[in-house]
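Handing you a structure now.
All chains are identified by letter, namely A, B, C and D, in their written order; residue positions are counted from 1 within each chain.
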Amino acid sequence: MGFTHTELNAAVHRAAVAAAQFESELNAADGKLGDGDTGIMLRRLFERLDAVSLPHDLGDAFKSLATAAAGATGSSLGTLLMTALLAASHRLKGRSEVPWGGLGAVMLAARDAMLSRGGGALGDKTVIDSIDAVGRAIDGLDDGAEAKVRSQKAANQMLVEFRDRPCRLGRARMFGDRSKGIDDPGMLAFTRLVEAVCGEVTSR
Amino acid sequence: MGFTHTELNAAVHRAAVAAAQFESELNAADGKLGDGDTGIMLRRLFERLDAVSLPHDLGDAFKSLATAAAGATGSSLGTLLMTALLAASHRLKGRSEVPWGGLGAVMLAARDAMLSRGGGALGDKTVIDSIDAVGRAIDGLDDGAEAKVRSQKAANQMLVEFRDRPCRLGRARMFGDRSKGIDDPGMLAFTRLVEAVCGEVTSR
Amino acid sequence: MNAADDYVDEMLDGLCSMHPALVRTGSNGRVIARAVGAVKGKVGIVSGGGSGHLPLFTGYVGEGLLDACAIGDIFAGPSVEACMDAIRAADGGRGVLRLFGNYGGDRMNFNLAGELLEGEGIELTTVLGRDDIASGAENEREKRRGVAGIIYAYKVAGAKAAQGADLQEVTRVAEAAVDRCRTIGCAWGACQIPGAAGPTFTIGDDEVEMGIGIHGEPGIWRDRLKPADALTGEMVARLLEDSFVKNGGRASVLVNSLGATSLEELFIAYRSIASLLKERGIEIVSPLVGHYATSMEMAGFSVSILAVDEELESLLAAPADCPFWKV
Amino acid sequence: MNAADDYVDEMLDGLCSMHPALVRTGSNGRVIARAVGAVKGKVGIVSGGGSGHLPLFTGYVGEGLLDACAIGDIFAGPSVEACMDAIRAADGGRGVLRLFGNYGGDRMNFNLAGELLEGEGIELTTVLGRDDIASGAENEREKRRGVAGIIYAYKVAGAKAAQGADLQEVTRVAEAAVDRCRTIGCAWGACQIPGAAGPTFTIGDDEVEMGIGIHGEPGIWRDRLKPADALTGEMVARLLEDSFVKNGGRASVLVNSLGATSLEELFIAYRSIASLLKERGIEIVSPLVGHYATSMEMAGFSVSILAVDEELESLLAAPADCPFWKV
């Protein structure tokens, strides 16, 4: 069995729990060079997403999530997430199931939409670099359990790989070299969410 | 020889030097319960008084000082000082010299004017208690040198005597018992000025 | 700021250069008056007080408000000379109302100024702002100090004078506004007088003091910082207990920043106050929210309630125009 | 404040209850619009931005200024939905100008909102406030952020729209105001976002930072606190170097408190700025001194200069009426 609205529902719920759990860690990460609201924003955003009841059509399901996100936050990260949800919605319109191997392509489509919305590029040390890495890591991989393991690994690798590079987008960009050695809060947040969604595979 | 505009001039000058010297001590004393401006106010006020050129007629001389004071400050202590100068002016109108023994009565007249202007009473722990004490200590005493010694003594005694009593006027009154153990800044200022004006009698 | 000693003079220069309807006058330049001069045939209204409270006191010189204002150093009363100069500047031949806060120094100075002006033939009356309920018990109302609520007295007296009323009438409405106005403030951060060694008072990072005066005079209690609604609830309760406002009455409300407190916080407070008054059937007229009477950069706010009658309500709504209050 | 999560909603409730000409609208109540509704046949003007900057942004909804404003959490952009709601609320059938600061998030949100509204037939244009000279070099002006000076763009665009001009004309004057406006700020005390663990940035008790952004974005230098005249001297020099103002030209000046800084300090700064401009033969028109764009209780001030031409000058002087700015 592939990815359906049931998996989406569970993923959103796990993400919501994780967002609440990591709120202060993410605020602190954003607080180093940014405005310190990544955690609180994600907590509130996922609270709202978690309350959405998802239709079976994955296009509609992602659309409902995007609509909820549209009202939940105005932060850059939130709007980029909304952009990603809209991209997924376009791609999955009319389908109620997608094989695990197809999820990577959805993420890569989301990545492209986010790049164009945010005016950034890969390598700028943003959440998009993590999404790109995860999308590529699982692209075509039909084993759901393995995809989960690889997602976590890819996200964490990106965090390490980018840690000592400078931010070139978002608020932290203004600090130039001072952003070296500091995790990008969007990358960190995405990594924590991936870990929560993919961690210790529960019985299905 | 008694008290003439020359002595008045010298006294004002010594007071001005002392006011500058004790500025921070007096600010600090006022800062304990009041607004901390006694020192700065007196420094500025006496700078102005010191710049006044005094006519020989003592009534006119005190009037000139009062007029200068009227423009120099709006603090309670300053206005009370101005009241005292006006009272002295009324009392000495037409005289260019007053015997040392007559200065006490001038101070006691000033005391009464200050009490009526400020609505206070003796015993309220204000500058007027010190003036009263000095005025009484030198009243009728024709020996100028001795008058200076007694003035300093009387002022310092008052400071000690009142230290542990509560303030009943001015800002510090609102603190009630917390004002016990703390010198009233007006009394302290007056004492410092008396010491400066009367201290180590220089050759005349 | 630049040198502490120049603070007030530079501030007044800036104020007048920004607002050409105001001029500095008086022998020390410590009087702000209307550039058009005293209005002949109108009762004059003067006020005065220390610097550091802008818009209070000088900021309220303007049409339908004050005619002149004597100003002292930071938190220090105006000099006797400035009081005299202000009274002269406001004199349009029909007498002058002295309308200022009930501070010992200011009282001495305006009284002395009046006595020294005897012989110049200016008829004078006095009304003392006494709205701060934390500065004295209800049975000692005449000892209370004037704070933010005094601007209501400025407004109604100014409007009455602009209508051509005589000195007694102008004085009567000013006294009525003082009589019907109550204020209480609270603060959680002190201010620093230029040139002074330390702040005017010390308060813990997480503390609030209820009833504090506009120079940091001690209040009613000090405790851990509380939510806005808890503060406004207590403030409104204390004000109503002490005031004329009847259930079902009408009142103006002034929510005033003591300096550092943001408009955001003021609106959060206003929301709560408005709903508390509504619960009691009190209708709010001509509300004010903003910086009206500050203490440098003190963090905190005050709430004033003016119980209006028909006359006060219409005087409040009459036109007025000064740099900080336009009606 | 009360609960951090209620801060913005309570603030907006207070604002609208105090000012009945404003209403909360939009599906989350995160739009402030004029109570009279969109003016049919008039070009609409919307803005938007984070909370914590009052009077900016929402405070400028009113006659001759903005028609609607989308508002986010403290220092966070408005949601895409709020942007859509605000555009709809401002639509009087002749198109809507989106006029907001050049922040990445706001840009994304207003753009996305515009795309999602395609099909509703509302003609849209965009002008980005970019007055903060410390936020980008002169040859990268399109990257600069909008700060206090954006209110000039509100004012002239609002006046132009009120005169019945079409969307292109309104957009043109807004762009001209952005083009001719430069701002620089400095601060010596941070602010605290409700619910956040610490202040938005840290600065020593005796330090000042030149060029700081309104969310605490790092500036040009940080040093020991300097006298006001030294700060204004540098600020004016930097502004003039970068701007259109010619010797002998005319300019409006806005001296703005970032929050905690008192009117006294602003007037001291204004005095110095006015004299510096005078030295260069620049005549000041329609000056503004006060709290116009704040960062909660940040201590500091900003200076904006708008080089006016005849059109901008007359649009500045045209009538306008919002809670915080009346002309």
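Here is the rule we use: a residue touches a chain if its C-beta (ideal position, glycine included) is under 8 Å from a C-beta of that chain, and two chains touch if they have at least 3 such contacts.
As the structure is a computational prediction, the values presented were derived from the model and not from experiment.
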item: Centroid distance [mean C-alpha coordinates] between chain D and chain A, Å; value: 33
item: CA centroid of chain A to CA centroid of chain C, Å; value: 55
item: Numbers and ranges of chain D residues touching at least 2 other chains; value: none
item: Residues of chain B whose C-beta touches two or more other chains; value: none
item: Category of the chain touch graph - line, ring, star, complete, other; value: line
item: Pairs of chains satisfying the touch condition; value: A-D, B-C, C-D
item: Residues of chain B that touch chain C when the two form their complex; value: 24, 27-28, 31, 35-37, 40-41, 44, 67, 69-76, 78-80, 82-83, 117-119, 169-171, 174-175
item: Contact footprint of chain D on chain C as seen in their complex; value: 1-3, 7, 10-15, 17-18, 51-52, 54-55, 59, 227-229, 259-272, 274, 287, 289, 291, 294, 296-297, 299, 326
item: Of all residues in chain D, those that touch chain A in their complex; value: 5, 27-28, 50, 70, 72-73, 75-84, 104-106, 108-109, 111-112, 116, 135, 193, 195-198, 200, 215-218
